[in-house]
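Okay, so subunit A shows up in both of these, paired with subunit B first and subunit C after.
Our next item is the complex of A and B:
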């Protein structure tokens, strides 16, 4: 379907001349833009491997000459605490993000199935409430959320970072969009054969919405991994902090001499996400085209 | 599919009783549906529905988390609008920030998405332009701090000195005049991709035949863009605009990393920064809730206006 729709840009019929000159200009603009966009990332990678002598070099150099991994072992020092190794923040971020991804997929797919396919009393009202929550920014709910978490005694625990993140309206909305086109006859005939709702869910719905998992996983992973505000207010001890908070600590009173370690921290915070995205990229654009952003 | 069988010639009373019974029956019949949505609804209710209502209530009280909330009516709001000079500064900064970064980032990402759709190696270009948006704001701000470093070791200062544009190093992130613009550059770099991916997806969905027809009619590239592409991707344009506005009103993590908290003379103080200050440093939860509600209303009204402006009659 998408192959047919996709536009074959270089073969534009008779207008060959317009294509060649136009295309060259477009390539030039895009490439210059791409270089500018990637400069800070290249600078980060280069700085992360710079030895102290190159950091203090004048004039400053963009690229590293004698790469070293010393900055990575200096990370704990750069944070001003030797009690909490940097790997602890990495573990916290990875653990919280992974659990949130798995939980979100299970919980929102479970809820999206009846909302898309069953005509139960109260369905429209529930769906309306969930959709209107899409428009509410997280900062509005943050204070009462904090008070709820405080009452349950979850402050400074993984629960505080994981549980509230599991029921996002975006995830539910995306899964519902994907379950809706599954033909009703398929579900009906399974029912005729005596399949229970649970069986229909696990054997028909789940395998069919697999492409949506990739998109939902990647967006959930990225937003949880990069989230700054939630761990900022929900955690207290160093041992519970996630990578963005660690980076915030590093950024305070940052000196040139410490810049290598700081860049190493940025490297460890951003590269995993970039790799995850590259790995799943092909699913993402397909899903967005397919689910059709209808406003 | 459902079992609501009401006989047409039944008396109204009978109909009513049957309907009542059948609602219960239907709830029972759909017990699996309710079981499936229960985990989601439980978490959603506790952490989204109740907090929204609670935030409205709290904004009308004085609450310091030690004593129970005391009802004060609209006092928080009148204090916010009458007495709080810093709030005005926060609103001014946030609006200034949104008005510059929002439209600029939006238009840039639309142009680039359109250009990428015209060439080969689409995936590679998409990746390069999108990567900054998936990086952690705090982590990349640290790199930008280095680029903007106020000494001659800062790359930006070095280049400008070298080219003779400035005479001596500029303290980009300490100077009241340059702080916010410097942060805006970082923000545009980082947030351009938000609507970009939606645009890319939408552009790929425009039927090829429309362009062929336009080509036969001798349309220029510009006409093609204006009369075919833009109308066809209107839902994506709307979605992207709302997302851009909502996210630019919430700016906080990069300002706090790049300019510090508080920033020099509060020159990079934002609404969310003000909220954070009152809620989690001063623990004035009632007053902070009032700030949250104002932020919510501002975002809601702006997105509604955008919807009105961008959507045609049949949509939304």
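Our next item is the complex of A and C:
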């Protein structure tokens, strides 16, 4: 018998989904949109690694040709010329942002639950008053806030940076909107099972609002981390400055030589925000499209 | 087990309009009802009639504005829902989506810090009670279950507590027709097995008939009649109950008393002297009705039969019958029941006779029943 080569059975790969023209167009548009949205960040990263020769080019070059880390060492030098180490500014920003995020989540969730699920006199009015604060810019309330903090003796302390940021109406609004669709029958079921109000809150409500926490964490962290104005008003000493304020101080009265350092500083300031967003961003979609309990 | 008694229960909700005006909504009015030990009462009525509010008052989730709820001889108005020994199934099941099915069943015990082995044993017994396939559901979360499976878990969560009262708020309404039928029989089996005092809310008459030892018909916050189905079907207390109970719904015909006859538009029916006496006054505004099975139809004219036209024929093979909807004169219509072999067609002329001994007569102004087949209700003459 001739050794016939055993014919290999034709491999059946994964069924290829037909891609329609419409899908190609949509993906193309979305890709272009994503590229455009990422341009500022790409430019910032590129600029952070540009040598002085490329920094001063006109018209400006978008992408760096000869990357260098000299800007970072210039930044370290500039930071070294102050009495406060760079790490202190990082710590202040990280500490304040983290405490504000945790505090906001706790306070917003605790406040939102009775507003969403309990009927008491004045409930609607209280909510409307709190939410109407969303219409007021923080710059409008800066002076009265400063006066309150000053009278409390908290100027130039962490309290000044943390306490006023804790009870934000955005957090309350988000948590209330997320808690409201939870069916009342579920809470009543827990009540019939013998759960106290606290047990209902911790065993039923809290596990269900975790996606909303992620969204709230991102928005609160970003706004607190990037907040330049509040530390500017509420702090006096160098040691209490947060990173954005410290970076701005370095950038102010800039010599041309400091432009690279400022770019490097902006890059370093933005990294934690990007990382937080990447980590939590999938929960944002879940929060926004959350349709409540199924059947 | 427990006897539940509702005495003069009233529930008023206050509603505030955007203008600030406060109006009162009477969700329950003067409810008096006794559910005997081990009995199942099926409560039917249109949407918004107060069935679920009444269930919630019994559960303790709503406090009555007035009146008392008794479990045996004890007033329980101030007793917390968790202490009333109630097992409840909500219309949307209200399962905890973040717990697996086993977690849903055991939450009641976890709150009481019951030992794990005791919980496991109770879950095992409940799984056995609920039949084949239930154990497979235990490790899945509600989001991974179908509607029917969620319903079984909700029932499991109800019975695992060994309650003395079952409160079921339209538990089958989210199921498709086939599954509803299957689950209805299963539920009947369970109710018979546990012999627990049960308050079953439904808008489905078939469920009410299958599951209820007695049926309570509600409307606008009031209980109109509480009786076994046969009694309500045969002797409804007013036009609403007559129309609501019985499928298809009873059609009403305007009639007048003239001598020994009820005369309507295009027909007349000879009635007994007892009925004439019960009606009393010839000027009284009356409505007549009849159940389809008491309407005789022929295809050729005969004395005592009046002419009508076939509008719709609805075959019901599982009942072995047709419902023939016919009309006569202006805006007068009724329904007859024939066997499936009946050869008539839509548009055909037919000849109809209403059985005078099975006729219903109502006072059109008060809507109360004057005569229901063989029963004469004592009513105040208009």
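The definition used in the following text is that the second predicted complex is superposed on the first by the 207 of 295 C-alpha atoms of A that agree within 3 Å, B and C clash if a C-alpha of one lies under 4 Å from a C-alpha of the other, contacts with A are read in each partner's own complex, and residues count from 1 in each chain.
We adopt the following convention: contacts are C-beta pairs under 8 Å (C-beta built on N, C-alpha and C of every residue); 3 or more make two chains touch, one makes a residue touch a chain.
Because the structure is predicted, anything quoted here is derived from the model rather than measured.
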Between subunit B and subunit C, more extensive residue contact with subunit A: B
Which superposed partner A:47 touches (first subunit B, second subunit C, both, neither): first
Touched partner set for A:237, first subunit B, second subunit C, both or neither: neither
Touching partner for A:192 - first (subunit B), second (subunit C), both, neither: second
Which superposed partner A:21 touches (first subunit B, second subunit C, both, neither): neither
Contacts of A:208 with subunit B and subunit C, given as first, second, both or neither: second
Touched partner set for A:282, first subunit B, second subunit C, both or neither: first
Doubly contacted residues of subunit A, that is, touched by subunit B and again by subunit C: 293-295
Complex contacts: residues of subunit B adjacent to subunit A: 1-2, 23, 26-27, 30, 32-34, 36-37, 39-44, 46-52, 54-55, 58, 65, 112, 115-120, 123, 125-132, 134-147, 149, 151-155, 158, 162, 189, 197-198, 200-202, 204-208, 211-212, 215, 221, 235-236, 238-239, 246, 249-250, 252-253, 256-258, 260, 272, 275-276, 279-280, 285, 288-289, 292-293, 295-296, 299-300, 303, 307, 311, 315-316
For the subunit C and subunit A complex, residues of the former touching the latter: 59, 61, 81-82, 86, 88, 90-98, 107-108, 111-112, 142-143, 147, 150, 157, 161, 174
Of subunit A, residues touching subunit C in the complex: 183, 185-186, 188-195, 199, 203-204, 207-208, 293-295
Interfacial residue positions of subunit A with respect to subunit B in the complex: 2, 4-10, 12-13, 15, 18, 22-23, 26-27, 29-30, 33-34, 37-38, 40-41, 43-44, 47, 55-56, 58-60, 62, 107-108, 110-111, 113-115, 118-121, 123, 126, 129-130, 133, 135-137, 139-148, 150, 163-164, 166-167, 169, 172, 196-198, 201, 222, 225-226, 228-229, 232-233, 243-245, 247-248, 250-252, 254, 256, 259, 262-263, 265-266, 269-270, 273-274, 277-278, 281-282, 284-285, 288-289, 292-295
